[in-house]
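A, B and C label the chains in the order they appear, each numbered from 1.
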Amino acid sequence: MDKKIYERPVIIKQQMGFMNKFGSAPANQPLTHIDNVSVVEMAEKYGSPLFVFSEKKIRQNYRNLNRIFKTRYPKVQFAWSYKTNYLNAVCSLFHQEGAWAEVVSEFEYERARKLGVKGENIIFNGPDKTIEGIKKAIEEKAKIHIDHFDELYDIINITEKYNLKADVGIRVNMDTGIYPKWDRFGFNYENGEAVQALKRIISNERLNLVGLHTHIGTYIMSTEPYKIAAQKLVVLANMLIDQYDIKLDYIDLGGGLPSHNTLKGQYLEAEQLLPTLEQYADAITSPLYDLNLSPSEFPTLFLENGRVLIDDAGFLVSKVLANKRLSDGRRSTVIDAGVNLLFTSFWFKHKVRPAQVSSTYTESATLYGPLCMNIDIIRDDVVLPTLKKGEYLVIMYVGAYSVTQWMQFITLRPNIVMITEEGKIEQLRKSENLDYIMEQEILPEKLKEFSI
Amino acid sequence: MSNYKVFDNLAVSESGFLFSPSTGESFTLNPIANQILHLLKQGETINQIKEKILSEYDIDESSLEKDLDDFINQLINYKIVEEK
Amino acid sequence: MNIAITGLNNVDSPGPGVPVIRGIRESKEFTGKIIGLIYDSLEPGAYMKDVSDINYLIPYPSAGLDNLLERLKFINDKEKIDVIIPTLDSELYGFAKLSSKLEEMGIKTFLPTFDQLNFRAKDKLFDFAVKHNFKVPKNLLATSISDLYKLSDEITFPTVIKGIFYDAYIAHNFEEAVGAFHKISSKWGLPIIIQEFVKGQEYNVAALGDGNGDTVGAVAMKKLYITDKGKAWAGITINDPILIKLSDDIIKALNWKSGCELEFVKDEKSNEYYLLEINPRFPAWVYLAVAAGQNLPAALLNLAISKDQQKFTSYEIGKIFIRYSWDLITDIRKLEEITVKGELING
């Protein structure tokens, strides 16, 4: 006779005015499979914790956003934001879909070049560009977005010294009504600095002004700031047309679109609160039609989205190490993935789902990572079914920033795999071992020996 | 292993709803918790209950022991059972 | 016709569900069933006589939209819902986002659009009012406690500290402001709004916008008696054409679609109305409007099912509502029914 499926005995005290079981039960639907591949089988084969990316989801996201913008504006070019996730496989996937590379350091620039991206398809942003880096970018015809006057003069000096011509744009910062104002990058619009920088570029024969760039912030929750940003860039572009007869190749509205991760301190789920991608696209594209140009002369719209394209294509599988009750009777669950792997859990309430069908009874719990550090909390308060030691759960929407911001701390960084469209599992990065970590270290001769 | 006694006046329904007349608290139980509480009410010992659950459900002994411990501790905390 | 309504939490800071139902039930045109959608097993409306016919527990908005939709599908399969009227601020974004999916299921709504909800949101209201030349108290936003400290020089006391969805405290000094910040942010999240305190009498308007700029009806009320939370416990309909005209103008500026409550304070010194808040749903005192001759809930229902609805042009002045509390007696069996099954037949 088959035995009945066991679940832990659970008793829940009815607290009126708090969560009831109908209020929370569906929130923990298990996620047993990602793209039809069993989560538990993957974790058992590749170890836990484990980052999993879905090729299908990434391509879907890209094609969807591309369609949304291309149906609203004739010329659109995405540039994959390397800092969001610069795994070779992920970058290559976006390049296959047609995206350029958007980099903010020489390290990222070199990664893109090594992967086979041509210099002319790289947008070079950021406040930290060395003389050598700038020289190389100029020679390879990358689009350099100038961040400050010191950099502008560096570029002028380099072009004179080596007899080069550079394709440049400037980054413009502005008041778009959002808080906090991002005024640390680029030239300010309101105080006239941006116009001053543009004039300086125009007056130099070695500099070829090709575009305007702005990036108004991150995780922007309303469409209005994008509209204001696009309007302000259009004012600058029209000024260039009217006064200097300069027709730009492109206008770059940067990134900043939010994913479905909910911020801490947010009462409503992000998916309820956020405008649709179509609404963002309307806000960004509609002001561009005010350019004093015939449609055939319209500049290309560049977009540097990262988070919105990859966040929901990344999953972090983690194993339950222990369950314990805290001093006040609240439940806590310790898992093997901590803030060392999931920096974003400091500001997001990442959705967590069990990886196996388990109890329908749920309980609110604190989810701790494995680090022996008080700050290692993945979720302060999450409603989950009771999970047994050794069972798995899946932390959702972790595709953005986690595998670039993660750190080697206390433990080693784990395997990363991708489920391909064909349903195969490809390993993207091997888990670290002791040798890999020690390799870069040098132990001075006199410290090699000790006796305790 | 100690054995436990359910406070007499507890009303537990088939649906897993439990009302404690003395404290005024109400609780919900999942089916297996409800079954265990009913067995406790009938005066069965922890060992008897353990055997019954092991024979009926797909679970190993040590996992069950841990779960039972945690469950009984909660019942004691909620003043639903007391040690005999 | 089967109408599902939320906000049956008729407690000391009540949801508007019960008075909305009362209005609809009193409409001569209405026949059918009222389905209460409740978030908590003890929402009084689910137990009150002649309010809902049957009640279902639904998941909190914060449990995610898919969950809410699943639950509504389940309820719809059993009850064949024609119209859903959500009445609580915090659920409106979710329902607005679900409205096309509900429409596919054959369920009609009459909700503000996403943009309308955003423009009137408490952190955006200031900009909206300034843009359209409506008088409004000055506003500062704090997205963290350190923001509040940074703003300390700009705040003059007393000041009003408000949550993005609910809750407001008057702070007389900085320490009280910090206390209110923590109290509100732990419950309703961020940002926190720090609003200039305009001294004067408060006036409220319950209104219904048709979504094309027109006001179907609007009734003005002055609070006669308030609770320690500032909620009206008694109020009287008043006649001030300036106030009604102002309300019409605001509804026109927003193209407001759905019921709403406009809150004003009449500045003691200048005698001018300052717009304090636009709540995106009927107020809990909306039955006063019904009693004064404007059945706004029934009118909203008509608009939802695209039936002709005449504009109201007047209402009775001097009608008073006095809220009272009443201890309803029920049995543990009822609580068990709703807790375990998630549904409860009323009566």
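Things to note:
Methods note: a contact is a pair of C-beta atoms (placed from the backbone, for glycine too) under 8 Å apart; a residue touches a chain by one contact, two chains touch by 3 or more.
All figures in this text were calculated on a predicted structure; none of them were measured in a lab.
At the far end from chain C, in terms of centres built from Cα atoms, lies B. Averaging the CA coordinates per chain and comparing them to the mean over all protein CA atoms picks out A as nearest. Inter-chain contacts peak for the pair A-C, counting C-beta pairs in contact.
Averaged Cα coordinates give chain A a centre that lies 37 Å from the centre of chain C.
In terms of their C-alpha centroids, the spacing between chain A and chain B amounts to 48 Å. A straight line joining the Cα centres of chain B and chain C is 44 Å long. Chain A has residues 14, 21 in contact with two or more other chains. With touch defined as above, residues shared between interfaces to two or more other chains in chain B number as follows: 26, 28.
Multi-chain contact residues of chain C (touching two or more other chains): 339.
Within the complex, the chain B residues that touch chain C are 11, 13, 15-17, 19, 26, 28. Interface residues of chain A, counted against chain C in their complex, comprise 14, 16-17, 19-27, 177, 179-180, 222, 265-269, 271-273, 275, 279, 351, 383. Listed in rising order, the residues of chain B touching chain A in the complex are 18, 25-30, 32-33, 36, 53, 55-59, 63-64, 67-68, 70-71, 73-75, 77-78, 80.
The part of chain C that touches chain B in the complex is made up of residues 332, 335-336, 339-341.
Chain contact summary for the complex, chain A toward chain B: residues 2-14, 21, 323, 325, 329, 359-361, 388.
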